[in-house]
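What follows is subunit A paired twice: with subunit B in the first complex and subunit C in the second.
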Partner chain A sequence: MKKLLITLTVLATLLFGVEIMVKGSDTMLNLTQRLAESFSAVQPDVTVSVTGGGSGVGINALINQEVPLANASRAIKSKEISQARANGVNPVEIVIALDGLSVIVNGKNPVNQLTVEQIGAIYRGEITNWNQVGGPNKKIVLYGRQPNSGTFVFFREEVVKGEYSANMRQMNGNAQIVEGVKADEGGIGYVGLGYIKHIEGIKPLAVARKPQEKFISPADEAAVKSGAYPLTRPLYQYTNGKPKGAVREFILFELSEKGQEIIAQEGFVPVTQNYIERNNQILQ
Partner chain B sequence: MKLRRTVDQGVRVLFSANALLAAAVLVGILLFLLTYGTRAFLPSGIIDPEDLTSHPVKFTSFLFGTRWNPDAYGQPEYGIIPLLLGSLITTLIALSIAIPFGIASALFIAERLKGRLRVAVKMLVELFAGFPSVIIGFFGLIVLGPLISRLFGVPSGLNILNASLLLAMMSLPTIISVSEDALRVVPYSFREAAYALGASPWTAATKIILPAARSGILAAVLLGFGRAIGETMAVLMVAGNAPIIPRSLFDPVRTITTTIAIELGESAFNSIHFFALFALGFILFLIALGTNLLAESLIRREKRSFTL
Partner chain C sequence: MSKKAIITLVAVAATITLALEPGETELEHNGWFRYTNSATDWQITKPAVSRFTLERGYLRFSHQWAPIFFTKMTVDIFSSDKYPEGATIRLKEAYADLGLPFIKEFNLTAGLQKHYFGLIYSWDYTHPDKSLADDQGVCASADYGLTVNGFLPAGLGELQLGIYNGEGYKYAGKYLNTSPEFLANLRLTPLAGLMVGASVFTNARDQAHYKNDRKGRDNTNTYFLNADTTNINRLAFAPMAKLSFGPVSILGEYIGYNYIRSYTYYQLNRDSANNIVDSTLVEKNKKYQFSGLDLLPVITLPGRKVEIYGRFSLWNRSEQSGDTMAFNKDKSFVRYGAGFNYHFIRREKGKPGLEFQFAWLRTQTKNEETKPADIFMAQIRFEWNSVIKKPEL
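Then we have the complex of A and B:
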């Protein structure tokens, strides 16, 4: 059966070219789709198909050898690495872009800035009214992601540092959070940088690590790049072993000047020198 | 002659095999859910004292726990109460809307509409029964959500009310269609007898025909219940999905089905979380089985007291 499948795949490849399946992070979905389209224009015999589902879902698919490439907006967990090893999979990490995870509120909300600690307390359910953080007397409504999301995990580890309030509405993707906060004057949400550009009715908050430090907006690209913005995070891709063949070609394209240009157009931030060096070591 | 007997024999074997297969599949699913589900409570595999997610779930904290938080920062919790309440509350509210409207529509279609118009209306209703739930969910997200939020002055329209309204919409066609069938098989002589005694069409419909079709209508209601409690996609899109014990119609809610849909993809294969989701599936199965058994016994009691 397995032999037959392999023969069929080889045959299909000879006839129709190569197909790369990419699965994972919803934050990176639009971005990777744009990259895939441009890549196919350069390499017409390779098709890259991208699906979402969440970082956890993508990494799970890589572990189960369903896809050769997984998108993740959080680093792989040590537990997932040991699961992968047990399955004969050796996850290798590439950083393709940087994201300034943006905390958004409704455009009518007068609050412009919060500290990481305040945001954490809001999401833990300890601060429940906007008047506790200098806003109007209005109940705070929490919008977040579902546990399959890498953003959900990243935000919990870096900002919430505890359990999410059970009252948080768990939305199915960045776009739904944007829609929710747009319609809700008391709403607060967190989304990837690519989801706040050109959208009316919401605004990203400036964030500081500590009250006495400078509050920085995620729209400040240099600050995201330097890591001065507190919620800067790398966006990862994972392969099984060192990337080879068409997958390697695709990754090289993503990291090329053209690829990084697309990343900037999509609202995310190109990789910095230290990540470029790290990627080069892996891709050599 | 001999040939015919062998064909008869063959067909009989074929049909019994089919019936057995259906039963076997059902038993298979039951056993599958049971074996997978119970592993959430058994100390199977490696328990790493450092790794809180590898500890089996206590059966009592599963049944009576009020917090569902499997992917936790600290200790994972697997309390089913908020999910169970979520499923039951949305379904019951949906049915309390869908049953009166459904039966009234069925009565109207069966008793008042004639000829081609009746066929056309019935067809439309049945067409709606096959409507993709993701589209209905989209409608809830884009239209109903903002409407509820504006109408009631609540911050978010993604809540119990929205989910229940969608579920009512989705179980209505089933209830109407099956009730209408039940009303139509009530013999015409019943109506004639009622009219002969001087009953108005309204009295005939509510006092004679409706009671005569009781068991069929009950079946319709239970099918509607099944449709509502099993629905996943539409609810996932509009319920807000916060696993809390709701206090008002405008609180978000998480149902059993949406929990399985959201979490099965990310739970590691053969982990405690993975098995706990099967335990949820088993509970859902028990609810379905329970309602069916209840219906069966109600219909049987019905038959004894009221013979056509």
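Then we have the complex of A and C:
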């Protein structure tokens, strides 16, 4: 059945148009799928197939020339650039959106804000009860991602600043973290902005870099845009060389007014002027 | 050792100790089930070798103690008629790997690990046969040692610096000497599609005792009494390059290698009645020089299911004879061939893979009186892995 479907897809693509394969970040999965659907509506001869697996998996697929476009919620590593070049692949970086990585807790948890240092201590396993950070006497249950996830790497480098506690439950994707925290009054997790919108039973925490600084919610778009929100990060796409043909058209659509509108609708933040200029230089 | 270095070491050790918690464990198996047919000059119906074997059976165990610290052990269980059981086991890797806290994407690796020399290091067996330097024993593919290895910033390439036993992974205990091997390997990737680099190692003394030891009487007047046959002043150099353009790539290296074989024996002195009266200890040195070229062009067909490749190798060996270096045409050769791989499931990190490989290689020694030898290899190569999640404490 699967073979038949693949054969039919290949035949359909051969007969009717072009297919673009996109692979990588789970944080960007729903967002890119939505962008792909809207793009296909304006470019019906182009099919965009989007799969997840994690940023590392997407970049690896680009290195092996399996996909023309990789989604990543972290920047490509030196090792990956070197491996790509050795394989004849020249990774080119585009920033399509900004994300305010959101730290979420169960909706019944009275804790509303934490500092980056407190969140780090929680994920290192040094703070284990909510009463140590002004909450109820309840054991903290950690939800996080797997090592192939760009979000796992970003959060480790920017917040944990050490090793994750062995007690952290490693979930397959953002949606699983949301479900876990929703069902667990002691739970804490981290997900992309797009995964907290319109979901009841969880709440994002306001975060401050230091105790004396202002606590900012990831829902504050202006703060994410300006970088005032401590866990702001760019969301990347990588191509082999300067984007061409249908891939370029798709990226141009993502960066267009319509595309950026979809990005905002999906809960993420449109790119800022400095990224627009950087993207334009690549896409010219 | 300076105070600063000691403090740094203690700080690193303390950080690791604090961070240590049980993490993920990975179990992996990589097997090569091979049919080999070896014949002279196309006479495959009268082969010298026709056999099915499990050529490799790597079992790998690794444990991630912390994101910057993991340990790994690999054993190779493969077909062998050295033992009545029909198989043998060989320790291939056993090391601890620590991400260096102050240098991004660099690790310190201690134990039995990869030997970062030329194509031996990066040979991924797209071709089922070994790389030329591995095949000709320039050095072993793994050895016990301590290395600093990692990637240069901005994707510029990779660098490895190492100190090894020098005798290779098959030697341990009494066959090792006190003279370590020093190695440096640099790969640069300045542009997409171009990798250039070079490896060099030097070893003042390779005991190689087990390989070269000769005991007993060689002829009536020579007695090798536990002859101290060692290779001294070993030096190998291997510049390499890889060019990739779309589905086409070519990987190649030049190999330069030389050493001096040092050996001692007793010359037996006899009287007129042919009785041994005494003996004289004789020490001799003999220089060896090798040079080689190994090329592997590969075309990957669309869909990445099929790879078609060629192979071209040159190997020249010269040995000291009196004051000159004599070319050994029986042990120098030209080798060429072709083959293909079909990937049922393409290997990808963390996922199983299954492929069929077929290769033909023809070796013609530089002695034109000998006929060329052909070898055909057909093998199924399979790989699977399983991750055991860390226990919830």
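FYI, the second predicted complex is superposed on the first by the 270 of 284 C-alpha atoms of A that agree within 3 Å, B and C clash if a C-alpha of one lies under 4 Å from a C-alpha of the other, contacts with A are read in each partner's own complex, and residues count from 1 in each chain.
Convention: contacts are C-beta pairs under 8 Å (C-beta built on N, C-alpha and C of every residue); 3 or more make two chains touch, one makes a residue touch a chain.
Remember, predicted model here, so these are calculated numbers, not experimental data.
Asks: Following the superposition defined at the top, how do subunit B and subunit C come out on subunit A, clash or fit?
Replies: Partners clash after overlay.
Asks: Who does A:Glu66 touch here: subunit B (first), subunit C (second), both, or neither?
Replies: A:Glu66: touches subunit C, not subunit B.
Asks: Applying the document's definition of touch, where does A:Asn172 land relative to subunit B and subunit C: first, second, both, or neither?
Replies: After superposing on A, A:Asn172 lies in contact with subunit B but is clear of subunit C.
Asks: Report for A:Lys79: first if it touches subunit B alone, second if subunit C alone, otherwise both or neither.
Replies: both
Asks: Taking the superposition as given, does A:Glu19 touch the first partner, subunit B, the second, subunit C, both, or neither?
Replies: neither
Asks: In the overlaid three-chain picture, which partner chain does A:Gly186 touch, first (subunit B) or second (subunit C), both, or neither?
Replies: Only subunit B; A:Gly186 stays clear of subunit C.
Asks: Is A:Glu117 touching anything from subunit B or subunit C once the two structures are fitted on A? First, second, both or neither.
Replies: A:Glu117 contacts neither subunit B nor subunit C.
Asks: Return first, second, both or neither, reflecting whether A:Glu221 touches subunit B, subunit C, both chains, or no partner chain.
Replies: neither
Asks: Looking at the overlay, what does A:Glu93 touch: subunit B (first), subunit C (second), both, or neither?
Replies: neither
Asks: For A:Arg156, select first, second, both or neither according to whether it touches subunit B, subunit C, the two together, or no partner.
Replies: A:Arg156 contacts both subunit B and subunit C.
Asks: Once both complexes are aligned on A, which of 8-16, 170-178, 278-286 or 296-304 in subunit B overlaps with subunit C?
Replies: 278-286
Asks: In the superposed arrangement, what residues of subunit A touch both subunit B and subunit C?
Replies: Looking at subunit A, the two contact sets intersect at 60, 64, 79-80, 147-148, 156, 162-163, 166-167, 169-170.
Asks: In their complex, what parts of subunit A are in touch with subunit B?
Replies: Where subunit A meets subunit B, its residues are 53-54, 56-57, 60, 64, 79-80, 83, 139, 141, 146-148, 152-153, 156-157, 160-163, 166-172, 176, 179-180, 183-187.
Asks: Would you tell me which residues of subunit B are touching subunit A in their complex?
Replies: Residues of subunit B touching subunit A: 51, 53, 67, 69-74, 82, 141, 145-146, 149, 155-158, 236-237, 240-244, 252, 254, 262-263, 265-266, 268-269.
Asks: Quick one: in the complex, what on subunit A touches subunit C?
Replies: Within the complex, subunit A contacts subunit C at residues 60, 64-66, 76-82, 84-91, 125, 147-148, 156, 162-167, 169-170, 240-241.
Asks: Which of the residues in subunit C end up touching subunit A in this complex?
Replies: Spelled out, the residues of subunit C in touch with subunit A are 19, 21-23, 66-68, 104-105, 151-158, 187, 189-195, 242, 244-247, 249, 304, 348-350, 389-393.
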